[in-house]
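First up is the structure itself, then whatever we jot down about it.
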Amino acid sequence: MTSPPLFSLESVSVRFAVGRRRHVTAVDRVSLDLFEGETLGLIGESGSGKSTVARAAIGLAPVSAGTVRWRGQDVASFAGKERRRFTESVQMVFQDPHSALDPRRTILQSVREPLDVMRRGEKREREQIAVKALEDVGLSAQFLTRYPHQLSGGQKQRVNIARALVTDPKVLICDESVAALDVALQAEILNLLQDLKAEYELTVLFISHDLSVVSHLADRICVMYLGRIVEQATTPSLVDRSLHPYSEALLSAQPLVHQSSAHRRIVLSGDIPSPLSPPPGCRFSTRCPHVIDSCRSTVPELAEVGHGHDSACLRTAELYGRERPVDREAS
Amino acid sequence: MRILRVVGTSVLSAIPTLILATLIVFLLQRLIPGDPAVAIAGDYATPENLARIREDLGLDGSLVTQYLTWISGALTGDLGTSYQTGESITALIGQRLPLTLILMLFALIVAIAIGLPLGVMAAQKVDTTFDRFLTTSATFGIAIPNFWLGMMLIIVFALNLGWFPGPGGASLAEDPAQALRGLVLPAIALGLVGGAEICRQVRSAMVESLSTDYVRTHRAKGLSTASIVWKHALKNSSLPFATILGIQVSRLIGSAVVVEAVFGLSGIGSLAVEATNQRDYGVIQAVVFVAAMIILLTNLIVDVSYRLLDPRIS
Amino acid sequence: GGGGSSDQDKDLKVAAAADASSLDPIRGNAGTDHMLLYPIYDTLVSFDSGLEAEPGLAESWEQVSPTELSLTLREGVTFHDGEPLDAEAVKYNLDRAMGEGSNIQADLAAVSEVRVDDEQTVTLVLDHPDASLLLVLADRAGMMVSPKAAEEAGGDLSTQPVGAGGWSFVEWRRGDSLKVERFDDYWDTDVDRVAGITFNIIPDPKTRVTSLRSGQQDVAMEVAPSDADSLEGASGVTLDQSPRVNLHQVYLNRASEELGDPQVRRALSLAVDRDVVLKSGYFDRGSVAYGALPDGYWAEPPESVVYEHDPQEAERLLAEAGVSGLSFDMIVNADSQTTRVGEILKEQWAEIGVTVNLIPREIVQATNDYFNDRKAPALLSQWTGRPDPAMTYRLMFSAEGYFNTSDEAVPGIDEALAQTDESVEPTERKPGFDAAAEAVYADTPFFPLAFQDSLIGLRDDVQGFESNLLGKPKFLGVSFG
Amino acid sequence: MSVIASRVQGTTARRRAGRFSVWVSYAILAAVALVVVFAGVLSPSSPTAQNLNDILLPMSGAHPLGTDDLGRDVLSRMLHGTRVSVLAAMLAVGIALVVGLPIGIAAGWGNRWLDVGIMRVVDAVMSFPAIVLAIGITATMGPNITNAMIAVGVVLAPAIIRLARAQTMTIRSETYIEAARSFGASGLRRMVLPHVLPNIIQPILVQVAVLMGFALIAEASLSFLQLGVQPPNASWGAVLARSYTFLDQAPMQIFIPGLAIAATVFACNIIGDEIQRLLDPKRK
Amino acid sequence: MTTVPVLNVQGLEVFFGHGEERVQALHDVSFTIERGEIVGLVGESGSGKTVTSLALMGLLDPRSSRIEGQAELDGTRLWDDANRRRPQAEVPMAMVFQEPMTALDPVFSVGYQLIETLRLRQGLSTARARAAALDLLDAVGISDPRARLRAYPHELSGGMRQRVMIAIALACAPQLLIADEPTTAVDVTIQAQLLELIKGIAADRGMSVLFVTHDLGVVAETCDRMITMYAGRIVERGPVGEVLAAPAHPYTSGLLAALPSPQHRDRRLATIPGRVPPPGERITGCVFAPRCQHRADICAEPVELGPFSAAREVRCVRAHEIHTTGADT
């Protein structure tokens, strides 16, 4: 991890106005590094701010503090050609395959659109690129003139992916790209993404609330809770030995077919607090089984607690011991 | 407490609209061609008379001053004096308004009495012949120009059958009973069309309510159809119902102009027409102001009832 | 019997076309006001159905000199508030009518002084002879208000009228109704008077008639000619039809480009088939008009004043004047009656190759556009008439007349009218009016079309109703039979 | 199963009934369209030619709908009046669309202040009774049918503005709009025309059908009040106003324009419903 | 094995539409549920899980659908000979729906909806119903039930709403609870809470549950037995442990193999090509054959649900064959 990140968020916060005076801090000082070629998983429950992180990254949500960097440069400073190149380089696949396609445009029109908007080359060329992208995602020419409602869910998601690929991006952000699909379709799309990643040499930010899916694809995983990243580690490290009470609970709550009797489920009490009025101190303190008084007042910062393993918990050391001391020599 | 706050916010948000509305009337009526002095001088018009009257009316003052004077008066209930008669416009409106209000009330009652039950019944039997027949009839009802309907009613019920007094009935203050009887036909002329509209809207709102998940829940619980329809679905349809009632009120004020003309009723609708013909700016302004107030008030009530009926809106 | 007496107690319900503009006689402005004012205010002079002067509150009068008119008042007349109607009261009234805030200063322009000779006698001293003065005193200027009430009301009786008429004021609901009740101390104890009158204001003619027919009203004023037939045919109601001075005409601007040539005007007048206009436009409810005053009126125009319908002659005149393809705008009062007449005229003028563009405008705007802004060379409208014929001629045809948009006098009119001011005797004034009529005829300063009869619908039980040539009935003598 | 069986029949019957009124409506609109185009050819005589000897005749072979108070052929006047009324209504709705659509989209798409500003004005305009406002505007501009319909158009525009705004607001948060934004689409050419307009237009079309009906009634009302079509020209409202004046002499004539208006407005509304039904996503 | 099952469904068939457009959504669905047992019903979207639940609840619109076959709840038939359903209020069965937001009446308070149900189904007076409602809210784990009674659905979180839904279902005093994907719309940590709750209630009250889900993990953790549906038919059923350990039907095993899991990263996921045939599509023979990798000629013949082992049944002629060769996983 010595090379600089391709794409990074530095302490980014996103605030939305709710009503006249109130604000929601949907994303609170989140830092992420996306290194070339890797797949970074972002996991968290509904409302934790995953989508907002993604939207802030590509400029769809207002960044109220912090910096988004592309190859080390501040994205906010981009203009004209630079901006266009950035837009080309970072593309997003949205959650709901159905609503992400304009119902009144044909598949070809939709897939070609990014090129049209960027006024790349001749119309014929653009069309060829679009057809190629559609082929790459496994859709034959017969779909070109169809409308979204004539396609199945899996096919629609393929179209979405194709559209994200036409600009030949470096980074693909997949926001819950399989959440709306059945297992069988989900498997197809996950396989497809893996193939495309290799073929297009993509760097992927993969967002999901489903641990099985994220862990299947990702090299590293960030866990979000109420707008903050609470843990960040390589996938095996996180799955095998989580170092944050929330991640632990999340992992244990994931229903698994072949482990049901084996693992001990941690059932958290209570609901996720409203992001409108997050608890002071550690945001997980209202539900944490290990909560102590200082958790309710001190905001824990994300800190490295093991090799490439960061956790934001005051009691990490206490709860999980020092089995994975920071291995400075390795880096 | 909650109600007060709700009403408060609604009132506050209605104020700019009201001011804008008065501004529009004020500018509009100043643009109407024709000199009020000519109307006032009438048969006695001479150039000198006209000049004197113009001066008396202060029509030469700046528009801004005129507007400010007027609006500050209007807010304290003083709508000025009629150019034509020199009488207090507030009193004039006070004389004419009750008839129109009663007419509207009657019309609304007719409309609701027809529209609500039929709409609910159609929704309950959605997609049956009965429903089709009813919606088609309602569509036809909406299509009838209400002043034409008024003429038909006069021909049939006043002139031929003599069941109801014809146009030009007794004044409300003088012979209330007879005057109210005289409002029956115009109220039907206005209310039938409104009822058709309400029927359609209630039907579609009820159809929607009845196809929701929570109605399925209610059925799963075993609630009786009557309770589901008349209690749960109806309450859930009350928002569109309130909306359509609000729209009806503003439609009624508009239709009243024409229908009052047909039935020879002296409400504020005919006052508006007379004042326009007389170029009695003060009165035009006041009538439109009052009409706008009624509509805004209705919107306010609708708005407040939304908030009270639907706990989700705050 | 009991039924009869209860009938006698019932109010007469009158459907009026327009509300009073004011209930103060000197403040109103509309010709339609009079019908609502007469019941409340009695006038110094009255008139018969042919518009000749008759004693009113003044028992008699005497033209002392061409510039002095002396009136002798009835004794013992009181106002509704009990105040005596004496010479002082008359002086108060006339001074008031000449003073500040009065709309009718012009009517009394000739009067320089009102002199109280004794309790029952008052003399009007004039600057110059004005023979129309007598009938002016039958109009607004002659309507006597109670001086005490006028003082109390700050000079404006608009809403609290107190007069000496047969009925006293009860209630006025603007635009809706006016209610009066029988005044028990009225001086004329012989005349029949109903217990009360309610005037209901119903602007739409159709509605007035429908309302009468369905029994809501006892009297419907201003029945539209188109409704007259059916009203005559209907049971329970009758139609009272009588001539009046109300003239339907086209005003025109002699200073305009299109209608500046007298020959062209004459041609257009000849092209109008007045019989057809009368029949189709007014359903024969009236008489053809060639001049400003109707036949049968004491000041009627002489025989020589007549337009034959002669399209050939009209075309010839146009050709002679070198006019072809004439096209002009005509503002038309936007009521359905007048509009129809406009359509008929349009068709008739089209026959001689003249195009008229009808511009229907609602009445105030029409008046404004034509008389003030002079936006069009012609206006199809009415002349409601004045009690004295000289007033009519002056207002329409003298250079200063407001209704003369050319601002030029019709040649010879001033001389002719001067003759009529020398006496108050109709017979002595007649030659002057003949000369005036001929001067007008020679210049064609307007297109008279028809005198529409006064058409009034009455329920069968209304007895003793009498209309007059002015078309402004008084309700004295009316009873339920 | 008997209950269900009868319901089944009911449903088929309903379908037939539903189709029937739709067909009738298409037929009415087709007939109206034909008359609008061929009014001149179809009329037996000129709509303004007077025959003062034959006034207020009842229906007959020579005059299928009788003659009016100036002896004009009522059928000819109705046919020409159809053209005037329908074109007038189309003008009004067209104005409402041209004014309403851009403003509505701007309000729905633009920032909050623009929206608040526009909606305040719309509320203010809507707080006038439509006919009263139209009377005021017509009086201001001078009574003639074009002005009257401009006035009606202005009065109807708020309905379009509100709908366009609401629709724009709903689709504004749709994912496909966000997707388009994600690769830089914006502006009229890349966002509004390809994405916004096509996706909001269908409910607006439904509304247009309804507004057509409203405009027809408004024309009739204004012409009835002498503010619309000016004599000697004919329109449905003008013929209606005339026939009301001569109700006693020719009682049948009042039904003709009334029924023409009611039938056409009915057809517009039914077709509006039909468009809505056809566009219902649940049908797909 | 002599116990009478709480629910006994025999030959349930559901048809939608009329005449030409008529389609069959359920084919010969038969199964039983024992007292206190939790039975999972799984399958891809469109396989007929919801239709089965709604048909049993009597919630299908009689105007557009037609039900054939019979079901007995607690020994009483749900439909009489004329195919008329028993009055809903008498059937001790309740249902929890997928979307807790839309399934609760938005304009009535939680308390109103609960009390209304209690009065109707248990004939309680308002006061007693109120007390019972508090107990129920407490039972479903809602803190401060007194305050929650006055709350409106939109004021509650998703998990809370689903708890309320369960409380309302319990107010019907059901022998059988049908839960149609009750946890799909909530987060995993909340799902864990709800699963515990449903299991706990079933155990405490001896209530049976038909648990509809598409998540095999949930089935594994919650259910005693499972039924796999495909295209409106039951293709496999048996005890959860057995089925998941070694599925007999290629469809069940396909579903299992398609699941990603943290334990087998980087593995290429198995897929089931094609899609669930919509009802109405004419299929002779095995409905799954077009997507089945073990398809053989014999699969063109119609196939019935047949015994596979002591406690399991499967609708596949080649089940034993495939199973023994261990063609999968």
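Should a chain be cited, it is by its letter among A, B, C, D and E, assigned in written order, with residues numbered from 1 in that chain.
Everything below uses one rule, namely that a contact is a pair of C-beta atoms (placed from the backbone, for glycine too) under 8 Å apart; a residue touches a chain by one contact, two chains touch by 3 or more.
Just so we're on the same page, UniProt names per chain: A, E = ABC transporter ATP-binding protein; B, D = ABC transporter permease.
In this text the structure is predicted, and so the values were computed from the model without any measurement.
Any chain that touches subunit A and also touches subunit B is listed here: D, E.
Using the average of C-alpha coordinates as each chain's centre, C ends up farthest from subunit E. Centres computed as Cα averages put subunit C at a distance of 46 Å from subunit D. Centroids of subunit A and subunit D (each the mean of its C-alpha atoms) stand 51 Å apart. In whole angstrom, the spacing between the mean C-alpha positions of subunit B and subunit C is 39.
In subunit D, 7, 11, 139, 244, 247 are the positions where the chain touches two or more neighbouring chains simultaneously. Shown for subunit B are the residues that touch two or more other chains, namely 33, 127, 261, 276. Every residue of subunit D that touches subunit A in the complex is listed here, in rising order: 174-176, 178-185, 190, 194-195, 198-199, 281, 284.
For subunit B in complex with subunit E, the residues that touch the partner chain are 127, 212-214, 216-223, 232, 235-236, 238, 309-312. Across the interface of their complex, subunit D is touched by residues 16-18, 20-21, 23-25, 28-29, 31-33, 127-129, 131-133, 136, 139-140, 142-145, 147-148, 151-152, 155, 250-251, 253-258, 261, 272-273, 276, 284, 287-288, 291-292, 295-296, 299 of subunit B. Those residues of subunit E lying in contact with subunit A across their complex are 44-45, 157-160, 187-193, 195-196, 214-218, 220-222, 244, 254-256, 258-263, 265, 268-272, 275. Residues of subunit C touching subunit D in their complex: 206, 224, 226-227, 229-230, 276, 279-280, 334-336, 339-340, 342-344, 346-347, 358-362, 365.
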